[in-house]
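Both complexes shown next keep chain A, but they swap its partner, so chain B is in the first and chain C is in the second.
Our next item is the complex of A and B:
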């Protein structure tokens, strides 16, 4: 069985935000919710790096561990999904997640948050695959259609990779081997003069 | 001859002391002479050059405070927030574990105490005369706060332990329905409890300042252990301890509760996580203390509960448990009588 993973190649990401837009469009995510976002370090300074981040579908998912109603489950593909019918919108998954993946339709007084929403790795939810209920609550289920997450599929520089972790790792490794260049020869500038 | 020899000894000691200080200074200062010889050369360019990629990932690890993102919202430019993992470990680990131990330990101790010591009985028969201990408004205030406390404790504990205790019994769907109601009850009643607690703290502040009398009360274990009856005013040492627990831990639980209850004020996750940890630890402390309070106020002490239900207590009970308060009341009554009936 494949173990699905995301990987963002910071050397390739050009911060076009197309993954963010594609995700919102594909799943018709409500206004104010962004399942994916691009963060730029050292923006505007030479050496700036951008990384696209969403739910990473952790192995030992913190959200899953702290959920009071136990609404998370991990699929056979290693995708972390949740059941919106059970979610009470307490916000604990948001407290625990290192990546800031859980999103809420509102952040109101008295802890009114609504049902949590997050990246599903384009794998829907507990409802029958590609049913209307699944579409309404979680968006498209591309995995059930034999497709990979749209954010990675349409990434113009192929910075964002999604799929079987072994294949993603092989791809990235071959890139690193071919890439060479300064960032991979760390210490040379300091150590050698010519 | 003996005089000069002692002089020599003193001089020798002086010389020894001086040379020791000189040697010590030399040991400390001589190695530093390298800096003086080299000047500032060591701090030149090479050492300050860092690897740009290492810098990037260092920034990511440190929460990337200066990062940019097009997505608007609170902390959206943070790639990795590390405290969440600590929060998870502490909540699911020590707090959940030792918290449940504390609750069960207190329950076990109270049960054991009841079985061995039994109820603290009235030492003198009831006189049939009563004095007012709590006014109607005080009782309303007490029972409002008490009811809210119990609801908040049950709903709060359900959110922490329900997954392990209630889901196996109720199933996911039924528990989620209950947890939803529990969450709303907790979030809405919490602020009401805070207001009630604040009123209590203000209302009973003066009577709860510790005095010398309380020291003796604690030395005599409040008459709970043994048969002596240490003196007490309207509030005994134990009640004052409960008051000050509420004034500290109670205030902390309310303050952190507000932080958690109103996520619309743009507080960061770090503030929320710390608040939640404080909220949880103070909750356990208060629940444990409340068990003791409830025990002493009900089955632990004969005649105690009627003060908070009817508002009046028997003078025999007052004499036994709050003698100074009773004396005060009687003196007050005497003074009033004297005023009303002129000779």
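Our next item is the complex of A and C:
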């Protein structure tokens, strides 16, 4: 069984935001909601590095641990998904998440959060695969179509990799060997401890 | 109830259902090419019931291997088109009114014909576009010729015209010599005046692949750009000091004997004069002028010498200067010194801008040439009259019959003189008619696929727009042209379709010609550009001549017939072998092409390079594979090899201009030779290799004008290049500066350098207009305007930005126009990060923008992106757009503040160095 993982290669990420717009394109995510974003540190000075960040689909996901209504579940592929019909929009997951992934639609009175939204690894939600209901609530289910997340598939420099963790690691390892540098598997120590 | 993701989206007019649907209608896949930059990334569109419902990665595509940047990953939004111009409109008494196409063409046509009658054909300006596909670009240039004017131009003038002029005059063709993919083989990647991480993001895939294979990346730029963040060695340079920097590098090369003697002796003319100039650029003087320390210059030179082959990449940071043509030549010379030309991993990889700016340039949408770089000579006109099968005298009769200029002492028709450039069209309106070398000023302006905010001198442009009799905008969007002026009447907006709503070929930066399929029907009432051209031709009464050999179906000239027509005439740069059939076959077999060499390995295109990169010699029957790497003598011409072109004669001042001891593999002439003519074939005893039909056509012709292709075929059969085998020239004796020399920008803060390195003298007539240099530089603006101002691109937007700022997926990512300013300058001026500031320029323009305080720019330098528009000097112009068409994000155009200044050969605008001051708003 595959264990799906994301990996962003900081040596290759150029902050072009293709991953962000690919996600918007694929799931028609509305203005103000970003399932994926690019973070740049040391902007404008030597050492500047960029990383594309979304839900990392953690092992023993902290969001899942803190959710008071238990709306999260982990698929056989290791993808962390949630059920919007159960979600109460409390925001605990946002505080628990080490990557700032959960998003809330900014609509409604008195700052009501609305149902949480986040990256699904292009794997939809609890509704039947590729159903209209799944599409409306979670966006497209590419995994069910035999495809991988579009953000990684469209990454301009192949910095963002997505897929079975073993294959992602192999790809990255060969890249590291070729360039002879230190591996920089940003976020893996946090997300995939064991 | 669904809260996300669709709940907050409004329904589009265009598409009934925007989301993917899994259960209704067959989904077909269409292959297109991204319309946002010159890399030429393949796009796979999923279409259902005529609606573009999905975008998939094009993994097979040799250029992008499925990848996109933010813009490319968002092109499906074109299928929504919420903010598009939906039908023809006309401004009457300050209000936009919907009109029909018939009414629009009739009214515009009648006015133009009246202007033609009173002021002559040169008073209508046909500004075309790098957004045209090749067929439309070709048809547009032909259309302008039949209208009877050379007042036609497009974006190449303001992006790479200085490259085209400088590079073509160095070794033959003014284009990228290698390819993005070939950078995999570079051991050194020297990037100067370019920020491909933002402007050509997918090129970074290839650059980083080269880097990971051991290539060193050097970035020279005034800003620590996103590209610089990936460099092994970043060098900060003062804007406008490129030539001294390059000469400084070559100084070390000559000093240490790092030049490639054999290459120079065999294949370069004029290096001694370069040596004399370079000798003046000692490390101290280089540091004084450029601000770069000797150690950095030396290290860059040493790295390039030690890591060969190396490639040089440049963009607008090099081209958009008063000395742009000299800048480009200096970089060519750098590669000639190192012998880095004509080799895989080497070359001058000049990244073009728009998706088809290379093609539009090749097809002569310029005021100084007919298609194929034939120029505007009588020979050129006669050649094309033959291809078009129309009477030369009829074409001549369409032009103004008077003369306003002299050539070699005798009066010359406007048919043969360079037209006004897009960079200066405003002067064509505002200048005293006495000073313009044509009958009258410009009275009608057609902006066809061209953003006005990408051109400098905004306030004067506004005045020019208001002075015109007639303003016509043809575009998928209203553009800033519709709102930046205060005209109340006589502005027409004609909705053009995007390239996703039609089909045809385009030429990417590396000269590869790609075929696009149509993804969807034109949205709303928009029409493809070639349909609109045809409608105007009908109105003007020359539609039958325009499409004499082009089928017209329901008002649409047949794209394939247009391709076949230019295949019959584009001999001079080898656009003759790329038939629609060959291009479509490649499109169906993308996966067979090697992703580094671009060569098909097996399959139906075996041995061809992807896109049959021009020159693709001879007729299609010759099966020439295209030329992946220009000037590569290691392979035969028949397989894509070539020498430097014999374009500048055979001898000068007793010195041989032809190659010596160097020839392409398999050449039967084992030395330099001039370009092929029928007489030369006879002298060589090769005349009888021609067929009887070829002989009949080729008699008295040369490789460029023989429509049979026989001369090219026979030359190549004997292993020779049709255009000859010569040396590249390091000095261009026809240019104002034969040897590239440093000249301070017109608006320079370095007054101490002006006397030593002055600009040119003012000129009386340059592309029909008086042009100022010295009279501006003589004034010291640096006291009042102490900051150097430069401009550039952002990854999310393209060009004037109307299209991309109307795309919500992109617009959300960059919502504010800004200026980058160093913390020290900000603190001195009392400016805080994120606050509004006024940026004021020496010619009176001012913009209100957000401050971005960052060390990305050094002290004394500020940077602004040029994609914004829709604000003017502090005012939001949203209400001036036709209803529902205002882009999501609007902002000030930096070109309102940018100033006068034009390259001395091509009239390229200076947008990389000016002066300004910044104060809190």
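In this section, the second predicted complex is superposed on the first by the 175 of 194 C-alpha atoms of A that agree within 3 Å, B and C clash if a C-alpha of one lies under 4 Å from a C-alpha of the other, contacts with A are read in each partner's own complex, and residues count from 1 in each chain.
Throughout what follows, contacts are C-beta pairs under 8 Å (C-beta built on N, C-alpha and C of every residue); 3 or more make two chains touch, one makes a residue touch a chain.
For clarity, every value in this text was computed on a predicted model and none was experimentally measured.
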Practice prompt. With the two complexes superposed on chain A, say which partner A:43 touches: chain B (first), chain C (second), both, or neither.
Written response: both
Worksheet item: For A:66, is the partner it touches chain B (first), chain C (second), both, or none of the two (neither)?
Response: first
Discussion item. For A:17 in the superposed arrangement: first (chain B), second (chain C), both or neither?
Written reply: both
Discussion item. Just to be sure I read the superposition right, which of the two partners does A:166 touch: chain B = first, chain C = second, or both, or neither?
Written reply: neither
Discussion item. After the superposition on A, what does A:140 contact: first (chain B), second (chain C), both or neither?
Written reply: second
Discussion item. According to the stated criteria, A:95 is in contact with first (chain B), second (chain C), both, or neither; which is it?
Written reply: first
Response to the item:
Contacts of chain A common to chain B and chain C in the A-superposed view 15, 17, 20, 32, 43, 49, 107
Worksheet item: What part of chain B is in contact with chain A in the complex they form?
Response: 46, 49, 51-56, 59-60, 64, 66-71, 73, 75-82, 84-85, 87-88, 91-92, 158-160, 162-163, 167, 172-173, 175-176, 179-180, 183-184, 187-188, 191, 260-264, 269, 272-273, 276
Fill in: List of chain A residues in touch with chain B within their complex
10, 15, 17, 20, 32, 34, 37-43, 47, 49, 51, 53, 62, 65-71, 83, 85-91, 94-100, 107-111, 113, 183, 186-187, 189-190
Item to complete: Spell out the residues on chain C that touch chain A in their complex, using ranges where they run on.
Response: 2-9, 18-23, 54-57, 59, 65-74, 76-77, 197-198, 201-202, 204-205, 208, 211-213, 224, 226-227, 229-230, 234, 795-796, 808-810, 812-813, 854-856
Worksheet entry | Sites on chain A touched by chain C in the complex | 11-12, 14-22, 24-33, 43-46, 48-50, 84, 105, 107, 114-115, 117, 130-133, 135-140, 147, 150, 153-158, 175, 178-179
